[in-house]
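Two complexes come next, and they have one chain in common, subunit A, joined by subunit B in the first and subunit C in the second.
This part shows the complex of A and B:
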């Protein structure tokens, strides 16, 4: 090789040697898209509102303090969205209403991924009777209509207090358990399918030929490769859990009072829509739609980035 | 999970003086919807330290299944070892407990796969995959394991090894990837290496480099090597002994030079004739007419008879057994003495 060639090689070397795995490649692809930037920003703000509502309580409103004299009062500089039917500040309600449903969605999605992922890996990897049992259990759960099942369970246990916990968790847990019971099956199926796909691949055989144990093969070799479809599903399932929770709250079965959620606000605001107070419905609906839409858009973008074939 | 960190504890019954690997009458069946496919029908062969055995045959002849059976990585079901013994230093690997058999893999017997891109896990760096082996099997610290991985990449002559440890399999070229695969197989100092078509996915110049590397390492470590291939050109350079498989049976077994000079089985002869050669340039290449038999429905008699130029009436009736035809040589053909004579 001549000197000139060597110089060229030296100059181009750092570029070609940039390290790019599947995930960093996907990230690189994602951060350039406007929908991703906007929806990530909205999600970030919503998460901040959900976990630190105090930061957004600009006028130091007390959510619990309501003045019946101000019932359905008009918006003002101090009270951006006016008052609800009991004279509570509607902006504060909307801000504090984000927390329970989003925390519930995060809990539900995390637990379903852990349970569904674990069962899916076992069923997909071992096949045979393990798979038969797990898959039949999934079929049983799937044969119960989701909303009917959730409404039924929550009605059955609506007066039961979960022992040892209090406050917000007490309000969230019954709904969370119900949603987990009906939610883990889809994660399990997804993981099971992608584990079956990777089970026969060469690198699994190669790992086995180098003395890797079943556990190692499942969780070090197969699972990381089977995770891609699940990761793109995380924002989508958070979105669907938030909307399901809103539905349950609307009929008074979701997160329990005294916590506030957007679903409850929609429920109590809806009757006044045509009687001169449309904002009582529009405000919580707008928050809900913006949140769900952002999660859905982000989920779609992640899915596209991880699997360009779907685009 | 407690791992045995000392290699000698894995097979305490092993007899260090016995032959490295002796396969006796190995039978493997696949239970499929169309019936039982007999993929391996009584294969016997042996390899000792420092020796290279080539198992040659066309697709579906059972050579890869044989190697998977030795490794104990057959997917079962549908596969099932129906009989025979795989004696590693006089210990039958087929009767070991699942846990012990797992520890034998990698430590005593290791395997190089055909397509290194799909045989390396795409989500981990090469360095991670190599050092995992040392951490899991030898209980090394992260730092020591990385150091050993670096030495291994140097051993298989990968340039800029330190940098390449941090890269993913897809960033390697085909030849380099196969070197990584070899490094992984060698990591735990196996006594026997099985290379299943290690150069099929590579181009010709790289093939030669990889074969030379394998041969060098084998000599250096006095390792046994089983080379599975359909490329007789590769065999001539590297192997000491050759076993030719057809329809799950070994039809000829001989030192490699004898096989090339005077094949004793019509199938071997036909295989040799179908290699393109410089001195037959411009002529039509001889081919073996017909297809290999369907393994779910093997006919009585010699499986090669329908495609064989030497076939007589007896061949469709009676199965020829592997019999000695000359010193160190065996063939399964009723007419092997004729075949050997007529060059």
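This part shows the complex of A and C:
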């Protein structure tokens, strides 16, 4: 149906019918798609694994317990994916390997959206020299290729301990900070463009003539309306952060040992692929691909639903 | 137009300066926080102060400001910029090898790799995107869209590893057994780079590196084609009675390619990061491999030099594209 037809239909629709907004319209559209249902289900399971790995540890394996005598042992009923090169249970490793990378991705995306969103709103709303400064800063960070910049920072500060935190956060935070430093620019640009678009619209003029302050216009009126493109960006950035973290883990720069990640498992399992133990590469790869794919599919679907033009 | 060019050049100069300062500041900060890297040369062995001082002087790491955390060390910055850009001297790495020399040796190999990547993008990306746009809503459109989603969903390094194992080792062993070690297929399917057959062994890693960025190019050519197919000038061309192939190629495709060419420029600069993984896994002696090896040995001078050169390339490409755009597309407003 073309846009014109839609408008006619909307105009002639009986007034009693409830009008749906952008969000609930998008939700109704999404709810019916099989890819959305499947990928949401996978994401739910993966998030459960990431935050409560104990729930999936069906045979009560101790993830730290390794027996060199069982090196690369075959799968069995108790040990679904067999053992890795050090004789650790591979199923438990895969389950506990989900946590660090996914928690890292969630932290990075949350912080980039807060920082990028705040700066984007300021730059887009005020324009002029504020915008010029923010845009130059973005230019600077964009000039350094993402992966190279992350690799450079993480190599230089690879032995630095972040004070005041311990355990898993200590393993995650250095990589998280690096990815935030190089990741906030894309959110900022997106929000900025979207704010510039809505800055001159009628409702902003209306709010201003009612005497609303800049702060109120920015964060109560413009920001909620400028959020649409960011919402579809959330799953997509989580996907790309998980995949970047896996890449960094693979070259030994991501989440630090003794935490386990899928990237590390891929790195240590890959050499055995052609020597009779392909599952050491296939198992972590399958987990990684399923996770990233689900987030990408969900993000694509949300983007299509919120902005049908792109379809 | 003239004012736009001048302003754009000034912007580049400012960005360039800030990027260089940032790289310099991070290097000094790393030394200030981690301690002087010279100390690690001697391992656990006791070392006299005079030897330590001499070694520090040899690597230009004897400035007292390197002990004050947070000090930007402007003196070192000036000296470093002079070395980098006036004398083209990026110093030596910790094994006393001249960094600039190894980079100059590595650049042609990386360029070869990138040529293959570009061809892959043009040959497969633009064709697939155009084709999908022309058959919108048909099988091929869905096929291309699912394909691009899959290339985004599989992390690049994983794809490389799997291709190396499956194509390089399994398929390669079969090809080498069947056709002989020196046959074309046997060489193409090799799991690592071979300087004797540079182009043939670069083919597979080049294609896989191309897959990294192909999704964006395919999708952009598709949406750009779709937009232009709906436009008035295409309708006019059809109404004039021009042949459909001419309308598609000359009127629609040529106009749709402007943003795609821009994206190819950006993606190439971005692929410098991907080259790190590709060249590392496939053992290709390019810029990426230099950085990849430097990570293992924590050889920061090399990583800094590679990052700096990549950033310079990125900024130049960016500038060039913006200026070309101003010439090619008169619709762009400069204010």
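Some observations on this one:
Just so we're on the same page, the second predicted complex is superposed on the first by the 293 of 311 C-alpha atoms of A that agree within 3 Å, B and C clash if a C-alpha of one lies under 4 Å from a C-alpha of the other, contacts with A are read in each partner's own complex, and residues count from 1 in each chain.
To be clear about the criterion, a contact is a pair of C-beta atoms (placed from the backbone, for glycine too) under 8 Å apart; a residue touches a chain by one contact, two chains touch by 3 or more.
Every value quoted in this text rests on a predicted model; they were computed, and no experiment measured them.
After alignment on the shared subunit A, the placement of subunit B and subunit C results in a side-by-side fit free of clashes.
Within the superposed three-chain arrangement, the count of touched residues of subunit A is higher for C, of the candidates subunit B and subunit C. With both structures placed on the common chain, the touch criterion links A:144 to subunit C but leaves subunit B unconnected.
With both structures placed on the common chain, the touch criterion links A:225 to subunit B but leaves subunit C unconnected. Applying the stated contact rule after C-alpha superposition, one finds that A:48 touches neither subunit B nor subunit C. By the touch criterion defined above, A:165 lies against neither subunit B nor subunit C after alignment on the C-alpha atoms of chain A. Contact with subunit B, but none with subunit C, is seen for A:216 once the two complexes are overlaid on the shared chain. Contact with subunit C, but none with subunit B, is seen for A:300 once the two complexes are overlaid on the shared chain.
When both complexes are overlaid on chain A, the residue A:200 reaches subunit B alone and has no touch with subunit C. Once both structures are fitted on chain A, no C-alpha atom of subunit B lies closer than 8 Å to one of subunit C. Overlaid on A, the two complexes show subunit B and subunit C touching no common residue of subunit A. Subunit C makes touch with subunit A in their complex at residues 11, 14-16, 18-19, 22-23, 26-27, 29-30, 33-34, 149-150, 152-158, 161-162, 165, 169-170, 223, 269-270, 272-274, 276-277, 280, 291-292, 294-296, 298, 300, 303-304, 306-307, 310-311, 314-315, 318.
Residue ranges on subunit B touching subunit A, taken from their complex, read 1, 71, 73, 75, 77, 102-107, 110-111, 113, 115, 118-124, 132-133, 136-137, 163, 166-168, 171, 181, 184-185, 187-188. On subunit A, the positions that touch subunit C within their shared complex are 136, 139-140, 142-149, 151-153, 155-160, 239, 243, 246-247, 250-253, 266, 270, 273-274, 281, 285, 288-289, 292-293, 296-297, 300, 310. Across the complex, subunit B is touched by residues 17, 19-22, 128, 200-203, 205-213, 215-216, 220-221, 224-225 of subunit A.
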